[in-house]
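Presented sequentially are two complexes of chain A, the first with chain B as partner and the second with chain C.
Let's turn to the complex of A and B:
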């Protein structure tokens, strides 16, 4: 086959597929969102935004992302640097640390439910240690702080691994000579981390953050398993519009809002961590 | 002399305490991952009565009651089967469609390459499960609603960008020279690919296929939106979260986790190679 045409033939299936199932649905979702009772209007958006649950679910989603993502970033950086200087048992430790990568958010929610439910392990331990008299119902409306904590812990537990993998791969690409040179000039481990690892890691940090932040706005099943209706989030509200209220147009309007938030944050991260041209390894 | 000796002792003391701290934190972080999984295992391997009793023992009693209840729950086994079917379809489609593009990105310089890469990377900046909403309407019109194939199409959209980037990174790891040598020895482009590149790349392709399988297996939102009668395991569990007894949730969660453990073990060698170049 003509070598000039071959690459286009090879990328054609993906392009077509993404065209039909990625780009086209965007047009559709936008159409659904802007169609009101009489032609095109912002009616759906007004309905969705003025609903009393909107501010609280927006706040919850944002707050959760604001707490979870920085903790995950710090934890993943710590783990990646720790594993980097490891000689023995590196493979085993990395295997264990990346296990949550394959675990679904629903399963993660159920796992942490086993800990936080009323007859769960946290209550069993606290009673066993004599810290409380009987089982406490942690996941109830009386304990909004603990509900939040349980959800945040489940999210941190589950999704730190994806950042870890990206950062470990990124650190592996940094030439060892840089560290050797820095050591010759007497740089401390902290300085080496600040002046070499962090700047060289920018592209990986960028990817890891975008992936995580977008996923954080999608939080849904963990919350459904742990908080139920106690902790409304945006994705849960979309699901409720679609199923309980049978209002696809409102669901689409809310979906567009989530999309817009995701895109804005992606752009912010891209800009904040941009890599100067020609500065890649 | 004594001064030098004390500083030496001091140094080795700080070093050994530093090493101790290092080992302790690694152990602690391993425990942070494993202990919750272990607790789920205890609940899964306990009789339903034990799961709902208080306080809990921290040792499993190896009773299959909960798992039997799970298997006997109406619709659960069908949901499990649906999950497997959808995940297998996703796996096959995303590799068959994605791998050629990965090869093209690694071997050719062509106009529009950057644009194509942008399209792939763009998919990451969007919460893709949301696309299930308009597709639900579209599928009803085309008769794909509530089918394994329809859901697999959406899951393939999720897995495809990963398949392209991972195979791109894998193909980049195989020197073009190998292929060129095969050409000079009388291979065509196709036979050079099937005889030289494919055997080398096959384990990596398998790894990315498993990755696609797990993406589909784990997906909750689109599955819950797009299936009604033929629910997948995640969608079924989500639907029953409100009323299901605890032991059913835990057994279900455990069944969801098992493939994950196998998956990470199977692809552990490729995990980092896959992510290394793919993210630049």
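Let's turn to the complex of A and C:
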């Protein structure tokens, strides 16, 4: 086999697979989105955007991402720093912390539903401790704050570990000598974190944030389990267009809007955390 | 004044004793080199002085102040690391100014001091660059400049030249010596390279298995090794050794020849001589030549004296070939004697 050709031959199956099962359906979806009652138009987009639930679901999705992602980032950084300092039991702790990653998002939603629902753990506990007289319906339309909090908690619990594993790997790549140099030249632990860890972690932060932000825009099952229709989000609306309203074209248009939002945020993150030329480890 | 006193410092890593009871005083503005093979404890000792490692027992004093309980930044030290540790995400300017920024010095003062040390190290044209755009030698200069900018009492260097290629190493060595001589700082320099140690040091501490076996001037360490280990470690090639038997009245039998030596009651000593302190003469040690390596000005002749390997450095004019028999006379005042039991030097 020609050594120059070999790499291309080796990536051919994956490329074909992705082309057939991702690129092709994507083109189909894009086509659907732009086909209206009178041929090609932006009609679907206009319909989707002018629907009364669009601003609410967009706001909810953004708000959830804005609350969940920073908390997850801070937690993941804290956890990664702690794990990195451990000498013994490091792997065990990492395994335990990443257990939620092995659970599907719907299952995660149901676990938290079991905590918050009317006959759930939280109510039983509060009644048992004498903190409340009877079961409270936390996840009702009367408590939008609690619904939001439950969803945010479930999301944080479920998906912090994905950032954690990326950041743990990234921190492990920073040579110890930089920390020693910073210490000798007078940097406190907090300054070492801010002036050495964070800037040298930029490539990992990029990956972790892009992954997490894009996934946050796609939040669906956890919301469906905990909030139902009380807390509309973009993905839920796509589902509703496709299966409740049987409007495939509108569903495709909304999907493309979510894609556009994801692309914009990815570009913002890439730009904000870029590493100047020559400044890599 | 920054005299450094190391008092009874020992270090254990688990069951491994890295340092045994180190006692060493380094004078103000002295250039002290810690020399030894890898694993001898020299870097551990440096890191204890820096505060990056904590001694198991003992004390470290700098300038009359006990500092071993203080964090590195409060010890009045700066350090140059083996892999430079020039921060890749900061420009050369910010690297040199890193310590000054941590001290929260005003901007104009930082700029002035960075500018001055950069000029001193001839890197003022690189201040805007990142370390990824620098060569190894330039990074080394940044690392030294960063340490000098702190105007420390003591500058610690951990094999700072070992990652440079041979020619650059030679150049940086001379430059480092000049810059440090002018900076009035006390310097501790760790290396495994004896040529580097010889050329830089006011005093060399030769370390072996977690102990300092000799701390003396380079010439003293070379001429009068305190222990057989030093004699066999310093010099390239190192000293030759032959067993000597006491024949009474200060006479010793070495390879069948009688040589005057110490007045000692011991039955056996080790005779030692440097390869360059041998001459071809009519009387002396009989040697059979195994290998001749021309070194330009000299010939390095590897011989066999009564089954023991023996090296001589001779003038390159001589026509010597493998298989020849030579009579090598040691220069009497350069002969050294070691006790085979204690391995200490015997006068």
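A few notes on this one:
We adopt the following convention: the second predicted complex is superposed on the first by the 281 of 281 C-alpha atoms of A that agree within 3 Å, B and C clash if a C-alpha of one lies under 4 Å from a C-alpha of the other, contacts with A are read in each partner's own complex, and residues count from 1 in each chain.
Simple rule for what comes next: a contact is a pair of C-beta atoms (placed from the backbone, for glycine too) under 8 Å apart; a residue touches a chain by one contact, two chains touch by 3 or more.
These numbers were taken from a predicted model, which means no experiment stands behind them.
Under the clash rule set out above, the superposition-derived model of chain A with chain B and chain C shows the two partners fitting side by side.
Once the two complexes are laid over each other on the shared chain, residue contacts for A:123 go to chain B alone; chain C is not touched. When both complexes are overlaid on chain A, the residue A:209 reaches neither chain B nor chain C. When both complexes are overlaid on chain A, the residue A:13 reaches chain B alone and has no touch with chain C. Of the two partner chains, neither chain B nor chain C is touched by A:257. Contacts of A:219 after superposition on the shared chain: neither chain B nor chain C is touched.
In the superposition on chain A, A:65 makes contact with neither chain B nor chain C.
Note on chain A: of its two partners chain C and chain B, the one contacting more of its residues is B.
When both complexes are overlaid on chain A, the residue A:79 reaches chain B alone and has no touch with chain C. When the two complexes are laid over each other on chain A, the CA centres of chain B and chain C sit 80 degrees apart as seen from the CA centre of chain A, to the nearest 10.
Once chain A of one complex is fitted onto chain A of the other, the partner contacts of A:185 are limited to chain C, with no touch recorded for chain B. Superposition on chain A places chain B within reach of chain C only down to 10 Å, the least C-alpha distance between them. Put simply, chain A uses residues 280 to touch chain B in one complex and chain C in the other. Chain A makes touch with chain B in their complex at residues 1, 3-4, 6-8, 10-11, 13-15, 17-18, 21-22, 25-26, 28-29, 31-32, 79, 82, 86, 91, 93-107, 110-115, 117-121, 123-124, 127-128, 135, 157, 165-166, 168-170, 172-173, 203-204, 207, 210-211, 214-215, 217-218, 220-221, 224-225, 228, 235, 238-239, 242-243, 248, 251-252, 255, 258-259, 262-263, 266, 280. Listed in rising order, the residues of chain A touching chain C in the complex are 175, 177-178, 180-187, 191, 196, 199-200, 202, 275-281.
Residue ranges on chain C touching chain A, taken from their complex, read 50-52, 71-73, 77-79, 81-83, 85, 87-90, 98-99, 102-103, 129-133, 146, 150.
Residues 22, 25-26, 29-30, 32-34, 36-37, 39-40, 43, 52-56, 58, 96-98, 100-101, 103-105, 107-108, 110, 112-113, 116, 119-120, 123-131, 133-138, 153-154, 156-157, 160, 164, 189, 214, 217-221, 224-225, 234, 237-238, 241-242, 246, 249-250, 252-253, 256-257, 259-261, 263-265, 268, 271-273, 275-276, 279-280 of chain B are the ones touching chain A in the complex.
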